[in-house]
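Have a look at the structure below, then the notes.
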C-alpha cells in the first residue's frame, strides 16, 4: 500500500488554531501542497495578515513575515523587490484585504507586483467576533449589522476579483470555493496556477477562496458549507475573471 | 558683459545659483536705468527663491512677479495672471526658472508668449554642484531643460562657487570646467561670477592663471537665516 | 484494499469528512473524547474504503492520511 | 573626495546609497521630495530599487518587507507623512527590524504648512507609534552631518535591530552646503542577518518575523529585553556637540536648524561680553543627558531654543531636574527664530541672573 494523501511538507506539524470546521485549514493545506509540488519551500516567503490566520506563520514551514493589518501586499512588495528570485505570497482575509488594505491590494495589482495573493473571503470579521466585513452580504446579520446589512446605509459588498480583473497588472484573478471535494480540487489548481504565474514572472495573481466561519455564522461545519453554497456563490460567482495565460470569464 | 536681449530666461540645475544670479542681474540692469521685471517661475522649490527678495527688489524699483502661493505655507503651483503679461513688459524682463527639467517644464506653457520674440536663455552652471560637476552631466541637464521648456539656451553663466569655501582658486579653476561645458553644448560663456564680498578681482588674477572669461561680481543674496551680515 | 487513518489527536470533530465520504463509512465517535475535548471521527468499516481521499480533502485539520 | 555643493535632501539620499541602501520606498511630500527624486534618478543606475508607493503607509510597509528580507531599507517623508508611517514604525520596532526613516519636518499640526519646523520632536522621541518602544533619533545640523549620520543610522539600526530616524527639517533639507562624501564600500547587507526571512534554502528552520506574542508574560519579557537594550544604547550612543560651553554662564540647548541660529547668537553674545555657550544634541533619543550634566554646576541658566512651542525643553528640564533655571524660546508655524531674537533672550537671562 502506498500513501496517497498526507500532510504536505510545507506545513509544520503544528495543530491549527482554527475553530472546528473552519475552512482556513483546507486552504492552508492547498497552499502547502502547491509549495511542495513546485519544490519552492526553500525560497518561498509568506506574509501573514491580521485576522484569524495571523498565526499562520507558525503553520507554514517556509520563512514568514507577519504584516500590519491590510499591509501584506506592501510588505510582500518589499520582500519581493529585495530578493526577486524568492516566491512571495500573502494570505489575507476579507477585512484585511478588502477594507483596511484596499489601497495596498489595488496598487500591488496596479504595479503588476509579481506576488501571489491568497484571499480568504468568508463575508465576516472572524477574529474580532463577527462584525460586518466589506464582503458581508446584503441583509446579512453581523454584530455590527444587527438588523442585517442595509445596502442603502452600509453599502454593497465588494467583488474583489471583478475589480482587480480590470487592471493591466493582474495576471490571474480567480474565485474558487472549498465547499466540496470538486471545488477544493479546483481551488488547488487555481492556487497552483497563481504560484506558477509568479515563477513565470507574469505579474500579480490573486485567488479568492470562498470560505466559512461556523462560529460567527452560528452554524455547524456542514451547515456553513451549505450557507456558503446558497448565499455566497450566487453573489460571488466562481470563475476566472482574468487569466493572461488562458480563458477569461 | 555682452548686451542681452530684453527677455532673459535663467535656467539651470537645482542649486546652481540661478536665483542669486538673477537677482544680481536684475539689480544691475536697474542700476543702468532700465525698467526691470523679475518673474519668479520656480514653482518646484519651496524655499530659497527670488521672490524671497521682493522687499529689497521693490525698494530698488524692480517689479517682482511671483507664483500665487510663493512664500506661503501652501504647496500649490499656481501661476498668477501677471506672469502671462511679463513677456510684454517694457525694459528688461527676467525669468528665474525652477531647477532642472522639472522647473523648466513650467516654462513650456508660455511657449506661445515667447514665440516670435527675441530672448536670451542663460544656462547657469556650478562646477562644484553635485550632479553637474562633470561636463557630461552638465550637458545632459541642459538638453533636458531645453526640451522641457521648448526653448534654446543662448549663453552659459559660470556660477561656480562652494559657499564659504569659495576662494580665488575655485573661481579660476572653474573656467576650465566652463570652457568644457561650453564646448560640449556649443554655447558661448557670458561670464564667470565671483562673490565680491569674499574675493577681489585682483586675487583671481594673482593666482597666476589666465582669466579667459568675463568676470562678473555678484553679491550673495541667497542666504540661510543664520548667516548674518 | 485502502485505508483512511485519522489522527485523533488532531481531529476537531467538525464532521466534514463524515459528510464527504461517498461510502458513508465515517462517523463521529459516539463514545470517545480526544485530548482536545472533541469527539474524533472514526472509520467504522475500513474494508469499504476505496482510498478516494474525499475525507482527507475536506478535513480542515489535515488529520487524515490515506493509503491505497 | 573633494567638496561638492549638495542640498540636504540630496546629501541624505547619496549618503544612504553610500551606506549600502539599495531599497528606497518613497512618496512625495514637500519639503523632502528631492530625496525621493534623487533616489529615483540614481537607484536604477546602480541596480537598486526606488519604488514610489501608493501612500506613506505602503512605503513604510515595503521597508518592513525589504528589511525582513535582510536588506538595508529606507523611507523618507515630512511630518504629515510620518504620522501615516507611525503604524509601520511600531510594527518594525515590534518585529526587531532595522530601518532608517527620514523626517524632513514642516509645520503642523494637520496639513500645517511647508515651511521648516521642529514640532515633531515629541512624536520622534516619545510616540512614533503605539506601544512601548524607542527609535534612535539623530538630528543633523549641517548637510555634511546629514551624510555622516545616515551611515551611522544604518549601522546602528543593524547593530541594535531597531528603527532609526533622521530628524531633519525643511531648512536643512532644502539648503545647500559644501559636503565631502566619504567613500564607502558597503554592500546592501553589510552584516550577517541570520534572522532574515530571505528563504530558508532548506538549510535552516524557518524564520518568522513577527510582533504578536500570545501571552502577556511573553510580550512583557520581550519588551523588557528591548528596554535592556535601550539602556545600553543610552549609555553608549549619546551624542552632542558643544560650543564655548566650558566657561559659559548661559548655555543654549538647540538641535538642527535652530542650533545654527543659536551659534550665531552665541557668537554675538560673546562679542557683547556675555559668556554664552551651546549644547547641540545630535542624538535626540537617547537624549545626551551627560553633556548637560557636565555643565549644571557652572551654568547659571539654560535656554532651550526650538522651532516649536517647546518640546525638547522637557528633556532639558528632566536633565537639569530643577537645579538651575531652564528658559525656553521658540517660534512655530514654519518660522525660524532670528539670531537677534535669540540674542534678546540671552540678554534677558543675563539680566536676570546678575
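The first chain written gets the first letter, and so on, giving A, B, C and D; residue counts start at 1 in each chain.
Heads up, the rule we're going with is that a contact is a pair of C-beta atoms (placed from the backbone, for glycine too) under 8 Å apart; a residue touches a chain by one contact, two chains touch by 3 or more.
Every value quoted in this text rests on a predicted model; they were computed, and no experiment measured them.
Novice: Look at all chain centres (mean of CA atoms) and spot the one farthest from the centre of chain D.
Specialist: Using the mean of the C-alpha atoms as each chain's centre, the farthest one from chain D is C.
Novice: Give the identifier of the chain nearest to the protein's overall CA centre, each chain being represented by its own CA mean.
Specialist: D
Novice: Cα centroid separation between chain B and chain D, in whole Å?
Specialist: Each chain's C-alpha centroid was found; their separation is 34 Å.
Novice: In angstrom, rounded to a whole number, how far apart do the mean CA points of chain A and chain C lie?
Specialist: 26
Novice: Quick one: report the Å distance separating chain A from chain B, using the average Cα coordinate of each chain.
Specialist: Taking the mean C-alpha position of each chain, the two centres sit 57 Å apart.
Novice: Using CA atom averages as chain centres, what separation in Å is found between chain B and chain C?
Specialist: Chain B and chain C have C-alpha centres separated by 82 Å.
Novice: Would you mind giving me the full set of chain pairs in touch?
Specialist: Pairs satisfying the touch definition: A-C, A-D, B-D.
Novice: Quick check on the complex: what are the chain C residues that touch chain A?
Specialist: 1-3, 9-10, 12-16, 19-20, 36, 38, 51, 53-54, 56-62, 64-68
Novice: Sort out for me which residues of chain D touch chain B in the complex.
Specialist: Of all residues in chain D, those touching chain B are 3-7, 10, 14, 30-31, 34, 37, 107, 112-116, 170-171, 174-179, 257, 260-261, 263-264, 268, 333-334, 336, 338-339.
Novice: For chain A, which residues count as touching chain D in their complex?
Specialist: 12, 41-45, 47-48, 54-55, 57-58, 60-68, 71, 74-83, 86, 103-104, 106-107, 110
Novice: Flag every residue of chain B that touches chain D in the complex, lowest number first.
Specialist: By the definition above, chain B touches chain D via 14-15, 45-48, 72-75, 102, 126, 128-131, 133, 161-165, 224-228.
Novice: Which of the residues in chain A come into contact with chain C in the complex?
Specialist: 1-8, 11, 15-16, 18-26, 28-29, 180-181, 184-185, 214, 220-222, 225
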